[in-house]
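So that you can tell them apart, the chains are marked A, B, C, D, E and F in the order they are listed, and the count of residues begins at 1 in each.
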Amino acid sequence: MKIRVIIPSITKEFEAMGLEQYSLGARSDTEISVTLLDKGPASIESRYDETIAVPDIVGKIVEAERDGMDAVIVDCMAEPGVEAAREMVSIPVIGPAAPAMHVASMLGHRFSVITVLDRAIPRFERHGPKTGLSRQMASLRAVNIPVLEMGDTERLVKALIEQSAMAVREDGAHVIVFGCTGMAGLAEEVKKGLEEQGISDVPVIDPALLAVKVAEALVDIGLSHSKRTYPNPPEKEIVGY
Amino acid sequence: MKIRVIIPSITKEFEAMGLEQYSLGARSDTEISVTLLDKGPASIESRYDETIAVPDIVGKIVEAERDGMDAVIVDCMAEPGVEAAREMVSIPVIGPAAPAMHVASMLGHRFSVITVLDRAIPRFERHGPKTGLSRQMASLRAVNIPVLEMGDTERLVKALIEQSAMAVREDGAHVIVFGCTGMAGLAEEVKKGLEEQGISDVPVIDPALLAVKVAEALVDIGLSHSKRTYPNPPEKEIVGY
Amino acid sequence: MKIRVIIPSITKEFEAMGLEQYSLGARSDTEISVTLLDKGPASIESRYDETIAVPDIVGKIVEAERDGMDAVIVDCMAEPGVEAAREMVSIPVIGPAAPAMHVASMLGHRFSVITVLDRAIPRFERHGPKTGLSRQMASLRAVNIPVLEMGDTERLVKALIEQSAMAVREDGAHVIVFGCTGMAGLAEEVKKGLEEQGISDVPVIDPALLAVKVAEALVDIGLSHSKRTYPNPPEKEIVGY
Amino acid sequence: MKIRVIIPSITKEFEAMGLEQYSLGARSDTEISVTLLDKGPASIESRYDETIAVPDIVGKIVEAERDGMDAVIVDCMAEPGVEAAREMVSIPVIGPAAPAMHVASMLGHRFSVITVLDRAIPRFERHGPKTGLSRQMASLRAVNIPVLEMGDTERLVKALIEQSAMAVREDGAHVIVFGCTGMAGLAEEVKKGLEEQGISDVPVIDPALLAVKVAEALVDIGLSHSKRTYPNPPEKEIVGY
Amino acid sequence: MKIRVIIPSITKEFEAMGLEQYSLGARSDTEISVTLLDKGPASIESRYDETIAVPDIVGKIVEAERDGMDAVIVDCMAEPGVEAAREMVSIPVIGPAAPAMHVASMLGHRFSVITVLDRAIPRFERHGPKTGLSRQMASLRAVNIPVLEMGDTERLVKALIEQSAMAVREDGAHVIVFGCTGMAGLAEEVKKGLEEQGISDVPVIDPALLAVKVAEALVDIGLSHSKRTYPNPPEKEIVGY
Amino acid sequence: MKIRVIIPSITKEFEAMGLEQYSLGARSDTEISVTLLDKGPASIESRYDETIAVPDIVGKIVEAERDGMDAVIVDCMAEPGVEAAREMVSIPVIGPAAPAMHVASMLGHRFSVITVLDRAIPRFERHGPKTGLSRQMASLRAVNIPVLEMGDTERLVKALIEQSAMAVREDGAHVIVFGCTGMAGLAEEVKKGLEEQGISDVPVIDPALLAVKVAEALVDIGLSHSKRTYPNPPEKEIVGY
């Protein structure tokens, strides 16, 4: 099975990181490939960043289908371009946020999302009414480390443990969901950190890992998005793309 | 007062139409100007169309603020780029859909939206959870005439009356909202048509007209969007825009 | 344009205050007139107060239409008599609460209302399910100064700034809405006070001002409430009114 | 136990009818008394009717408490004055609508209300968001017989059976609730009529009967409304009442 | 009237306690009888406990109907077996939770439930979406005393007062509901304790007492659950029961 | 990987069928085993059937964990015993309904469930408020063929196509979900049947197949239910199990 990960960024370093992160959870017979954007922002931290990323994201997804991919993942919790791309292709196109929130809802009473910056929280809350899972969200919290500084893993893990523990103790979270795919691969360490604080009964969901598993599952049983919800766009004149 | 209308299209004919439609409801001391896109689609009928329209929409809104405009209206019920642009400017940026739905909720028990194509309905329903007004929507209906063929006004009015009457009689609508700004200026004729069918008690809301009034009102009393919800994007490297 | 403001009170001093407050936001061609009640309470602070105010409120609104008014505003956030009066007249009848909450929802993620007394809060929460905007309410707070002592503007402004800052910092409010029309004209001072505390990104909505703008907008484009929602009452015997 | 029924009407004939209807379900040790209004409308069919009824309704409830009553019922599904009166007295004050809808929710999956006139339906839907039971409402239907003509019992029963059967078959109702206390005493006949049509598994709730049982139950165990929700109104000048 | 209380436990001491508690609120002409389980757990504190209690609970309810009972109450706030038993019998079968929550909603703005253990809270929250009353719940709190140690009444009352006061002051509760029928008979003491803390305006609901009143009311007016919601199970082979 | 399927039935024929159905979607390295109940009903068609099935279901799940299974699936859309069993074990325990509904929500705008009997519909609707996905349900429909007669595959497929087409055309479904695991393996035929009717854009979800994929995915990345939501039951005396 061939899965293409679209990284909605022009930052070269993200390419190898993305390949590593998404390969972690993949089955041995799953081949992960990664594509950066040619045009767009260095990272997605605002609605404006999404706006200038989406045309090329959709372009790369169309390309992925042409390349014979079985499924596509857009590597960003804001899921930019996922819905538009579904109009253009037939293969499954998923972001990491919806699968993580749906699975969190299946595993426990309430979940909290630990995202990067406070300023992302209103954008993040859009997922609630969109998915119907508002009531299942115990809280949204942020580690408040900018995306481009998240390389300091120790600092990031410490902040994730701290916010996760507060989500459990103060907000009533029973499941933790990472709010950024830049946190991929850290679930085990965060789980261990929580256990050291006496919180040993809370699953920690790594949306990047999970996205791969959901993509594999959909391909295995031949499911994709409904073209009744995402019909092909009518033909028309277009300038600049 | 100066209001700039952004028409999210590259179709030249829409420029004069837009100027005429948005001038209809403007006060004598309100100056309307209209801008088309340089890059983007001929019309917005899909999520993909939105995707390739938004970068230039936001660019044109930034330009409008630089030009000294007091407010901006994006001429499309899908409101593409409105949220992203609010991060980039301080002047009010509004689309026609939210004001129309909020005012409809104030004027009667339930409203129905009569949009262009059935395929737009799932996209349109996004406004429900986003605004909180799902319960106030009696139904969404479509005239099923493509945007680029809506020039046949007689056919359009007839279809609007027919669908509006069905919304009132079958779906329990107490207020009618046009679902496309291409229907601007037709409210009186539709109202008359409904009266001929014995439905004389139902307001018909023209979102383009109303958007101008809401823009004027916000400017008059110095209100704009919350920069806490729409903070300026962090500075970063961007390629292609 | 002629707009009549009904002050649901028998307190003479409110007449000049009301005229001043509602004239603040009016256009130069809008003529505001103000009417007190002949029968009713000194102020509206309870459901009982509403009960004994509503018959005369509706009477004054019927009179306003007969006097050739273009629209009526009921000067109270509880909006007593607005729905009943809409059955009796065709001109727009609005209260200040619904427009303020709907506009707040359009301008930011969540809003908080700062009202007068804690005891008004349950009454105020009725607006949530009624308008559909419960999810948009970050919190309801009170300055806890009785209506009849609100003349001490300095104390009132200080309390408004204090509660507004707490609403932003603790409750996640992105927009502030005044919860009493007796606070009209203070938005600028409250905004300044918030800025001094480092909160410079939050709009402050003055419902009295906004009500005038919404009334003007509705009259401009010929919209009023749906008589399908508010049909004329059937003729019948009535004693005492 | 002494229960006072307030009939929100000046129509003399309703006095004996009310006494009979509310005595039907009362225990042998419950003493029902009935009071008409001195001022107000002949019947409640509009918001305006409610408006001019409420001052005297509240007055009669205050009087009932002074007369040593144990509980008060306001004989109208719109429950006019119930909330205001709760501020003025400590004894239970209930309307028939909320108990009927809450009990219907306990007895089956979804309920339908069969009310008098189509024009009452928007007013009736207010009970949904107010009580939280919107999802439990399968539908609202009307027999479309004016209140003052409901004396023709045969016609009324026939229409009730017809609408109830449609509610069950078309709207998915599992419980029927009468939407007017003028239908009191007809539940058995309607149930029989439904059985003749093969619908033998649907409870029919008579809100007047049930209101008496709920009043008795509350008095028995010493429960009344929360004065934290319904605090006594502050003292103030009042003219005309 | 004959009401059978099913105690979902094999613990002998609960029999006399149950009889006493449920007799407290019963009318003089109501005869309460109590049945323990033959098979099942010592108490209900988990979903697993419910699972192994339900077959015998339903068996005892079928027996109660055969014994000529008029109604059945299942003595547990989790209401195990209530819905299944309604398929097997025609007489009213009620648990104490739904009536308490519905009546609390009728008496005040928001209610809090004070239950036994924190671990029961997620199970308890199921009642919110099931009844539609989620918005009416101010909070769920626990005294954190195990069911089998609740015999220490003094400790229990003290903890109930403490948690109830916090529910009122911090969570905005206007009505208190006991979250376990093992708290039956303590409402007066808790009310007194709250008054000593200056909280004199909050009703305290004892679900066991209330369940008896609701059962009596339903039997009085001939209402039971809808067999359309709870049809008789189809005949089939069963092993072991 | 070893997955145990618990068939909540005593009917011997279901064993081979279950093994076949659940093996369809399993990976080559996944070993499916199947267990029937020793005690319980021939099939699950009512709440009563669930009641007498759950003790043995939970017992079989505890046994599965002891046998070294990696995950357990309960083969019934009502998911009997899933929540109770999660208290007793640490391995993932899933039913087929929640995964199917969550995935349907991810793939399209609205889904319809085609279940077996009309009488199951109210039981099925419980999944809506429980999962938060009520708004995503376009409709619930039934083929009205009893579980024990579903062996006639031709009749079943025909009825599934018919109801699915109606769900799409009349109820606005964009995704179809089978409402019984006895329909496993028929998705392709139903999809083909829909295409013959011109409905070629609607995914058809087979919950049995999907449950296996979700179990595999959870095991792959080491996720299971939250023990904070499902803590181990306290030790206590139990009779009969």
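By our rule, a contact is a pair of C-beta atoms (placed from the backbone, for glycine too) under 8 Å apart; a residue touches a chain by one contact, two chains touch by 3 or more.
Quick caveat, the model's predicted, so the values are computed rather than measured.
Q: Working from the CA atoms, figure out how many degrees chain C turns to land on chain F, in steps of 5.
A: 180
Q: Centre to centre, by mean C-alpha position, how many angstrom separate chain C and chain E?
A: 44
Q: Provide the C-alpha centroid distance between chain E and chain F, rounded to the nearest whole angstrom.
A: 31
Q: What positions in chain D touch 2 or more of the other chains?
A: Within chain D, the residues that touch at least two other chains are 109, 122, 129, 134-135, 174, 229-231.
Q: Among the chains present, which pairs are found to touch?
A: A-B, A-C, A-E, A-F, B-C, B-D, B-F, C-D, C-E, D-E, D-F, E-F
Q: How about chain C: which of its residues touch chain A in the complex?
A: Residue positions touching the partner: 109, 135, 174.
Q: Going by the contact rule set out above, which residues of chain B touch chain C in the complex?
A: On the chain B side, the touching residues are 25, 27, 94, 98-99, 102-103, 105-109, 131-136, 168, 174-175, 200-203, 205-206, 209-210, 213-214, 216-218, 220-221, 223-231.
Q: Flag every residue of chain B that touches chain F in the complex, lowest number first.
A: By the definition above, chain B touches chain F via 122, 125, 129, 134.
Q: Provide the residue numbers of chain A that touch chain B in the complex, in ascending order.
A: 10-11, 37-43, 45-52, 54-56, 58, 81, 83-88, 119, 122, 126, 129-130, 146, 148, 229-231, 233-234, 236-241
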